[in-house]
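So, here's a batch of structures to check.
In the two complexes below, chain A is the common chain; its partner is chain B in one and chain C in the other.
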Partner chain A sequence: MTGVVPRARPWGRGEAGAEVSARRASLATLFIFLAPALLLYAAFTVYPVLRTFWNSIHTIGPHNVQELVGAANFTQLLTSDRVFWKAVGNTAIFTIIATIADVLGGLLLALCLFSGAPLAKLLRVVWFTPVLMSYVVVGIIWVWIYDYDWGLANFILRSVGLGALEQSWLGDPRTALWSVMATHVWKWLGFNMIVFLAALYALPEEVLGAAELDNCGWIAKLVYVIIPMLRPTIVNLLVLSFVGKMMIFDLVWIMTGGGPLWSTETVSTYVYKRAFDWNTFDLGYPSAIAVLWFIIILVFVFAMTQLLRQRDRLEF
Partner chain B sequence: MIGPGYQWLAHLRRSPLLLFVLLYTALSGGPFLWVAVMSLRTTPEIFASPYALPSHLHWEKFADAWTRSNYSTYFWNSTIVVVTAVVLLTVIGAMVAHCLARYHFRGNRVARFVILSGLILPPQLLILSLFQILLEFSLYNTLTGLILVYVAGHLAMTVYILEGFFAQIPQDLFDAARLDGYSDLEIFWRITLPIGAPALFTTVTLNFIILWNEFLYAVVLLTEDDKRTLPLGIMHFMGSHQLDIGMLATGLMIAIAPIILLYGFFSETMIKGMTAGAVR
Partner chain C sequence: MISKSIARHCLTAVALLLALGAPRTALAEDVTINVWSHEADEDAKVAFRERAVKNLEAAHPGVHVKITWYEKNPLLAALKTALPAGQGPDVLYVEPDWTEYVEAGYLAPLDDLVNWNNIEPWARAVWVHNGKTYGIPQEAYTNELYYNKDLLKKLGVELPANAQFTQTQFLDLVKKAKAAGITPIAQGVGDRPFPGAYIVGEALLRKLGKEDYKKLWTGGLSWEEPRVIAVLKWTKELVDAGAYPKNFMTLKLGESHYYFYSNPGALMLPMGSWYTGRAFVPVDKGGQPADFPLGIMQFPAVDGGACNQCKTSAIGASFAINAASKHKDIAAEFLNAMSTPEMGKMWIETVYLQTGIKADVKSFSGPHAAYFTELMERQKGEDYFIGGPRDLVQGTCKDSFAQVLNSAFPGGLLTVEQTAKMMNDGCYKG
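Presenting the complex of A and B:
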């Protein structure tokens, strides 16, 4: 069919030729379109990545004095660096709990609005506000909320008669990580809510209607109808949230700087400290941490998508 | 089939939902209101009673915060960096997206793979060597350096969103344009860009918000006070006015207010932009 050029259309051949040429471009044209991006990309992304890998097997002193150390950075990291393992533990707790809280909480909020809470349009906008604020703004506000003497958290506890529960939220190693986590979840819940809401409104109405006809209770409807249909969205958000939390830096740095007593130290804050705050003057060791952590994130993301998608295929 | 006698029951069943919605609204909006109120009160007033409403509106604190710290510099730096970076990102990103979506050429897949691989590269993997590289290029502590890093860092997401949209523009339009004798650049300029405007608008919004708030690259790559962007400036202001809560609240409000104002007018655009990578 495609090979036939209708005789009744004298410009047919020209059209076929145009089809080809509109999909083709001279080398010069391609160069103009791609060169700026590829150049920038080579200089400020590809080169730095390769250089970080290179750095990770060297000791990099001031004035770029390099010394090849092979896998020594990695062995030290894995065998004798207790702060690193503390940071890994904190980051793991943070990632797991906050990811689950983000996705579940976002779904809950979306369902509230979807099930017809009044003023849903306005609430959706209000609930999203924290997403737009910088970590600096959010961090400082929450440092105040957690303040022992006049912070909102203790104020509320005192005013409802639970004064015994008041804490120095960010000053106590037992509560600091959880407090930062709560702030992080608070900032991102609105994001997950919007994504879920979009997915909910995209669900085919016949299916929801059919569930209604079958006199299906709302919990059953949620568990057997809505959640399975939202699966791609859930997987998507889990992965996004996971990656974001594995690299958490800004909020921790602003609220606690990793303290007290390394109780909120994360892998990223530790990388920063080893590179710029400790007087070790070595960029090689923190690069090794960054490389190792990147590989771990990649493996987890790959495993998550494989695992969760596999079951998708089995279902349909 | 609920009779009127049972209506109160329906209300009762919904009341936990209403209570929850009310509580969460207070939780998500309350902190900003609290800062807004504090920004109009003086520190002694706040310490006397942290949650009282202002007895006298101290608007002069805004002028004070603006002039006493380097706020105007921070604001100006942020504006230069973000506007330049967003313009560059939009133009360069659209060129790449157009090229990848429109042309069949050898190396198309390689170019796509290389550029989209940026989606999975965490900043932590780049930041240490970018610090070295910018020092070597004499771009450390310059706004230019930060702009280039921002453009390279956000190119992948921009191309990803734009290419998805550009690829859906019907090929017929381009064939017709070619027949009419448009050059490749004219096709890009007069067809792809106008038709792709909604997608461009989305990436502009997304990049603008993210870069305006960016902290990690800025904190590593800028150290001089007169180079600081707004987030760094606020951090610095916080460090130097540790106990002057009233002044700090005013400083925070200067950062919050423009965003809230924009959000009031363009809430749907900003929500759509911010979630563009995740909503399919």
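Presenting the complex of A and C:
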């Protein structure tokens, strides 16, 4: 016994002593470890996406008989489908307004907590709770809240003497989309709040301290110090929120099913209806809608990212 | 030695063959039929189908039936992906308006598979496409106008001997109920694409007669035709008189039943006679109170109606066999097991609903016997139009029906002219 414990050979050290980093493992090794994830990704993401593109230029008949129709589905979609354009308009309004409301509202709530509002811990839990609820539960709760006869919204209006303003919130095309939007914002405000709160606590204290030493007021500190430093978080939340809302389906489906009179029809609900509710097995046309919308989302996300990143570079 | 060895090998081979043969025989007998069914939330229908399973399994040892219960929309989504992939159950729940399954060839023709002696010919006819029958009709129903007898009496109105008001009397009744603070018609379209069109649909049938009514839904008659406009105007008068609840647009089907018989209570409820499936369950499960004064009146006669004795009758729950099933014969046995006269009797006595199965029921017993007697009374002298609007419309017209005639028009969002134009845009092929 010499008392000397032989040192384990470092990971990847070759016979000749050449150091091979774990990051430079052989292709075969990499493939073995990546294969399960890649297979799942290919099966459940790549294939469905490619298949949707393929379907979009075909008419799919019974027993998967496919007839190549080229751009016919897209032409019909763009030239003669008035419900599609209604859905596009609704989705655009929903996306723009709700994204702004979500991000701005989340920031305000986070600032409220960050500034040490009373009962901050309780409020954080209360505001975040809706995020943990499923769309089904949220949808059902809010359908009840909006009910004309026994809903909370009209009850409150009547209680404060504003009975003249009571509405069939989800039954009137003028208010239905806004009502669904309010529910969506209510559900997601807490998520944005938590992300902003984490970003706020991560801000360098010396910068905030320096601003205070310079007698910088609360508004000025917010506008000139905090928000610029939060810009990466804001950009990420804007993009995430934007993409999520462009694909909104669950809440609309549960609360209104796209009605009344297509006033809450979104592109996603329309795709579903065309695919599963039109007495047809043809997935070609709904696939064309999905492909077109996918491209539009991609373009917008790219444009948003470029635009906001450019501003980032100018700031720093 | 050699012969002993050969003999030993022969014995081994025989033993092996026997061993292999035995399970093969067992497998041939041991067959499981998969059934996908809707209506899990209706206890009487679940019990009915489970009874058919037991009867079949008792009569055919080795045959097993596994029923998977779905809600309707998940069932549709599952079928639309499973059937094109050559998968899916042996037996599936279907409804007559799901014509795409027939057109696509996913359903097996049942003409030579099923015992049609036990099925009413008119019910079978609903499932005949191009000379072949694709579904076995189980549930039949008529569109009925239920009412609360006590509330009608409270309003001082007496039901005519033929149980049918004129359209003017009906409008007056609606106004009277509204003035008395009673919701005239409990109806909601929050989760269904059809209940809002009961009143206008039945009025159109009476006004136009069966032939033109069918043309209207299949694109052969304009919605701007004067007779159609007259019906729409009368319906609009009802809507403007406050016939429907304020929460009509969001009230769900089940809630509208509860609204009618419990809270807050309403004078009338137009509904398929499958109303009983939800109403005739214990009160703690949302059913109507045992002493609820349920009555049935005819839909109102319209002025100048071509067929004021006409009424919609339709087939609902039906079952079909997957064309890709490897056990069509046994699947057909299951359909037969659900369609015996005894099962038909059980259906009527436990589901309290009409059926496409021939059943010799001369007298009714049980807690709801009076209801079923009255229901049968309301069928006397009626001239049936088989199939509801949703059985006849497809694509854009189906969407227009759901959004316009079912929802926005009775919801008070559209004028008569807007309604006629939008329905024409979606449905009229002229």
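As a working rule, the second predicted complex is superposed on the first by the 283 of 316 C-alpha atoms of A that agree within 3 Å, B and C clash if a C-alpha of one lies under 4 Å from a C-alpha of the other, contacts with A are read in each partner's own complex, and residues count from 1 in each chain.
One rule holds in what follows: contacts are C-beta pairs under 8 Å (C-beta built on N, C-alpha and C of every residue); 3 or more make two chains touch, one makes a residue touch a chain.
This is a predicted model, so every value here is computed, not measured.
Of the two partner chains placed around the shared chain by superposition, chain B and chain C are both touched by A:Phe276.
Legend: residue contacts after superposition of the two complexes on their common chain; A:Ile32 is shown touching chain B, with no touch to chain C.
Look at A:Leu152: by the touch rule set out above, it reaches chain B but stays clear of chain C. With both complexes superposed, B is the one of chain B and chain C in contact with more chain A residues. In the superposition on chain A, no contact is made by A:Phe300 with either chain B or chain C. Contacts of A:Trp178 after superposition: neither chain B nor chain C is touched.
In the superposition on chain A, A:Val83 makes contact with chain C only, while chain B stays out of contact range. Of the two partner chains, neither chain B nor chain C is touched by A:Phe74.
In the overlay built on the shared chain, the residue A:Asn64 is in contact with chain B and with chain C. Chain A residues 64, 150, 275-276 lie at the interface with chain B in one structure and with chain C in the other. Listed in rising order, the residues of chain B touching chain A in the complex are 17-18, 20-21, 24-25, 27-29, 31-32, 34-35, 46-47, 50-51, 92-93, 95-96, 98-99, 102-105, 111, 114-115, 118, 120-126, 128-133, 136, 148-149, 151-153, 155, 159, 171, 174-175, 177-179, 184-185, 187-188, 209, 212-216, 219-220, 230-231, 234-235, 238, 245, 248, 252, 255-256, 259-260, 263, 267, 270-271, 274-275, 278-280.
Residues 61-64, 83, 143, 146-151, 168, 170-173, 257, 259-262, 273, 275-281 of chain A are the ones touching chain C in the complex. Taken in their complex, chain C has these residues touching chain A: 76-77, 80, 84, 97-100, 103-106, 190-191, 245-251, 264, 394-395, 398-399, 402-404, 407-408, 411, 413-414. Those residues of chain A that touch chain B in the shared complex are 14-15, 18-19, 21-26, 29-30, 32-34, 36-38, 40-41, 43-49, 51-52, 55, 60, 64, 109, 112, 115, 117-118, 123-137, 140-142, 144-145, 150, 152, 155, 186, 189-191, 194-195, 198-199, 232, 236-237, 240, 243, 246-247, 249-250, 253-254, 267-268, 271-272, 275-276, 283, 286-287, 290-291, 293-294, 297-298, 301.
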